[in-house]
Amino acid sequence: MHKGHTWERVITAIPYLWLFLFFLLPFAIILKISLADPVIAQPPFTPMFDEQGNLSVSFDSFIFLLTDKLYAITYFKSVMLAASATMLCLLLGFPMAYGIARSEPTTRSILLLLIVLPFWISFLLRVYAWMGLLNNYGVINNMLMWIGAIDQPIQFMYTDFAMLIGMTYSYLPFMVLPLYATLERMDLDLVDAAQDLGATRTGAFWDITWPLARPGVIAGCLLVFIPAMGEYVIPYLLGGGESLLIGRVLFDEFFVARDWPLASSVAIVLLLILVVPIMLLQRYQARDAENA
Amino acid sequence: MQHRSRFLLTVLSFGYAFLYIPLISVVFYSFNKSSLATVWGGFSLRWYGELFRNDQVLEALALSLQIAATSATFATILGTMAGLVLVRFGRFRGRTLFSGMIVSPLVMPEVITGLSLLLLFVSLQQLIGWPAQRGFSTITIAHTTFAMAYVAVVVQSRLTSMDESLEEAAMDLGCRPLRVLFDITLPLIVPAMVAGWLLAFTLSLDDLVIASFVSGPGGTTLPMYIFSKVKLGVTPDINALASLIILIVSVGLLLSWAAMRKRSS
Amino acid sequence: MIEAANPDSFIRIRGVSKHFGDFVAVDDINLDIQKGELFAILGGSGCGKSTLLRMLAGFEEPTSGTMEIDGVDVTRQAPYERPVNMMFQSYAIFPHMNVEKNIAYGLRKERVAANEVDERVSDVIRLVQLDDFRARKPDQLSGGQRQRVALARALIKQPKVLLLDEPLAALDKKLREHTQFELMNIQDELGITFIVVTHDQEEAMTLSTRIAVMDRGRFLQVGPPKEIYEYPKSRFVADFIGTINTFEGRVTSAGDETISVDCPDVGVEVRALCTEDVKVGQDVCVAVRPEKIFISREEPEEDEGVRVRGIVDDLGYLGNLSLYRIHLETGRMIQVSRQNRRRSHKRFVEWDDKVWLSWRPRSAMIIQGDD
């Protein structure tokens, strides 16, 4: 690997081996199991090489995934929900990031702190907090009934709406922070210059601010979309029994149905869907590191 | 200007209300006397008392803290090495794969990381009999793996922003490279390592999904315990627990924020 | 400091102030500028130059006062409504547009027809000599090229007034001098009124028809470069523009045109030309520019000016000039400069040489009052 000193080689080798063993190898295993057939045994899948040493691979799990309508719907719904949450985060997060970036330095650092704070509080507990709000006898319904807007509680919990709110809420800081970083870096003279040359406030926003904020917008959207796609806690706590998202299906397929090959295939298809966004995000982050 | 900033002010207020109302309501209901979590029955500290008498919570907390401290320490060591390799050691064969493996855990959905690690542990057990039981060790390994990526990024950005001429000056004064590493480089990145450790610690304490995959019977972390309870609905003792966590995090963050402001001014 | 109201002034600024909280950035400015002038605002960092300019452009609203351009009150107009364009201190070139798009931006916003845009962009690109760089992105340009893009972008809308905030600050000395003349040519050609902000006094002197010297949000003196240099009204202005030797003293006699001042620092009585009203016994300040002082080895001929003896403390060779620091017998240090007219290896005087200094009454100025 290295031409340098022995100790340099050692320092390189230790994290390299660790990642190889605990990050790369596991993916190879997922891939291997996804090409097996489920059996009732321990472990519950057929070996890659049978007793005669012949290679035995089966694409049954993938074929099943692609032909079963339920899975198509689940993937589609996961994408739609994650995309909707991303849009909501952007709609709310952009003006917030803009407002923070344009506020006085002292106010700004407090506002930023308040964005970061929820991030340090357990994700699980933040989702849980919404259970208390959205319940049939929760805070929101109580309020609405108290002011007389409704006389029957509205069913919020266990709906797509609840999941959407939960995702938007949980991932909003991921949107605000990269947006803030790009907006804060932007030279305010540019907006003044555009107005000086005849652009209105709105015109200057669309001509200058928005295109220059695009790296932040893309990074923010990916940072929300990618984890939202694989979300497990939110569909479990806020979504109903039939509102299945892919992260939860994967978990259940593995632990409840004990169909390891199918669970592995589900993971691989999810990864394939996310490959493009993940690579985009890595490219943007690398470029960002260069610019900083 | 006026018009515009009124719009921004509205959105900001709405956004922060959206972020904080759920947390505030949890804290509020944690003082509820009633055992029905969402019906106000008067003020009481009853649930806090119950929390401290709940052995399961305390056990889960102890396990979580142990795992967090261990994995954060390993993650800091490995992540610092990785950061050094990426910034200071120049090109070597396999560098692209290496940097790819460093950043991937940051963006990998948790369910995939969890599942892949579990399958690894199962396979290893089949092959070499280890790990005989899943729990502390497997969760610690899993957390170390994804947290070391965060540490590596923090250390990497610190190293990139650091003036390399300091190290060159030491070398110029006759320091051997390994000495330079210990005398100059490491002391300078200690703040980044501390920040990385804290981040790794928090991430580990927070994690539910990966731990649920790679844990076995008996290995219940605090988030796993909370999840098993809240699956069934809102409960007042979890409200109390959540409030305590919110309090600790807020105080810790406020203190470090104040310290940072003081130092910069 | 209110100037005589000029009925046909093109830009008219009346009592303009700008407060940021308690801080007064611009303090009650009055100013008239004629059409076609190249007006310079000169002052140290943070004295409020940019703020004044930004108020003219419409980015800041004055706390009080009014501004008129060509007979129209623009005080409350939005930036995009004003017949004014600005060249920013930071250039503010849009990083995501190439040179051509940057320059065309203003016309696009006016919804000028496409073929006319092309034509005018080509014209102005030729004017600033950027023909070879039309398609480049800003980060592929040098500092001087970027500066010309910013200039072209502001010029293309043919504004009535062009505001330039430290337009040459980022350029090296050679390029700066070259560009100064380019700017003057362009201004001459287009007849646009220029207001240039700078903290470089040489730049202000070469470029402008008139200069305003600014300090702490106020104008201390407004006038043509020569007047500012030769007849500064305060010590601040005298000090700010060029180097100067100043001596405190008391008036001993006041004639019609010349007065005598007793300056303990010089050691002899100093005679100076003074048209202003000074009384015997008044404390004044006598100021002499280094280039107005003669230096010689022999005692100069009798003359009604000043003659004193000193010792060369230090000397510096600048190529065109040599600078001398002369130690007077009173202990006072005086700066003198002398043109190097002859090509020679030998120095005119050496360290520790005894020399004579002299200057004419006409060369010394009297500064009353103190800022």
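A few points about this structure:
Note that the chains are named A, B and C in the order they appear, and that numbering of residues resets to 1 at the start of each chain.
Everything below uses one rule, namely that a contact is a pair of C-beta atoms (placed from the backbone, for glycine too) under 8 Å apart; a residue touches a chain by one contact, two chains touch by 3 or more.
Keep in mind the model is a prediction, meaning the values are calculated, not measured.
Looking at A-C alongside A-B, one finds more C-beta pairs in contact between the chains of A-B.
Of all chains, the one whose CA centroid is most distant from that of chain A is C.
Once the centre of each chain is set as its mean CA position, chain A and chain C turn out to be 58 Å apart. Averaging Cα coordinates per chain places chain A and chain B 17 Å apart. Residue numbers of chain C whose C-beta contacts span two or more other chains: none are found. Put simply, chain A touches chain C in their complex at residues 187, 189-190, 192-200, 203, 207-208, 211-212.
Within the complex formed with chain A, the chain C residues making contact are 54, 57-59, 78-80, 84-86, 88-90, 92, 94-96, 105-106, 109-110, 153-154, 157. Taken in their complex, chain B has these residues touching chain A: 4, 7-9, 11-12, 14-16, 18-23, 25-26, 29, 36-39, 78-79, 81-82, 84-85, 89-90, 92-94, 98, 100-105, 107-112, 115-120, 122-123, 126, 141-142, 144-145, 148, 152, 156-157, 160-161, 177-178, 202, 205-206, 208-209, 212-213, 223, 226-227, 230-231, 233-234, 238-239, 242, 245-246, 249-250, 252-254, 257, 261.
Here chain A touches chain B in the complex through residues 1-5, 7-8, 11-12, 14-16, 18-20, 22-27, 29-30, 33, 43, 92-93, 95-96, 98-100, 102, 109, 111, 113-118, 120-126, 128-133, 135, 137-139, 142, 169, 172-173, 201, 222, 226-227, 229-230, 232-233, 236-237, 247, 250-251, 254, 260, 263-264, 267, 270-271, 274, 278, 281-282, 285, 289, 292, going by the rule given at the top.
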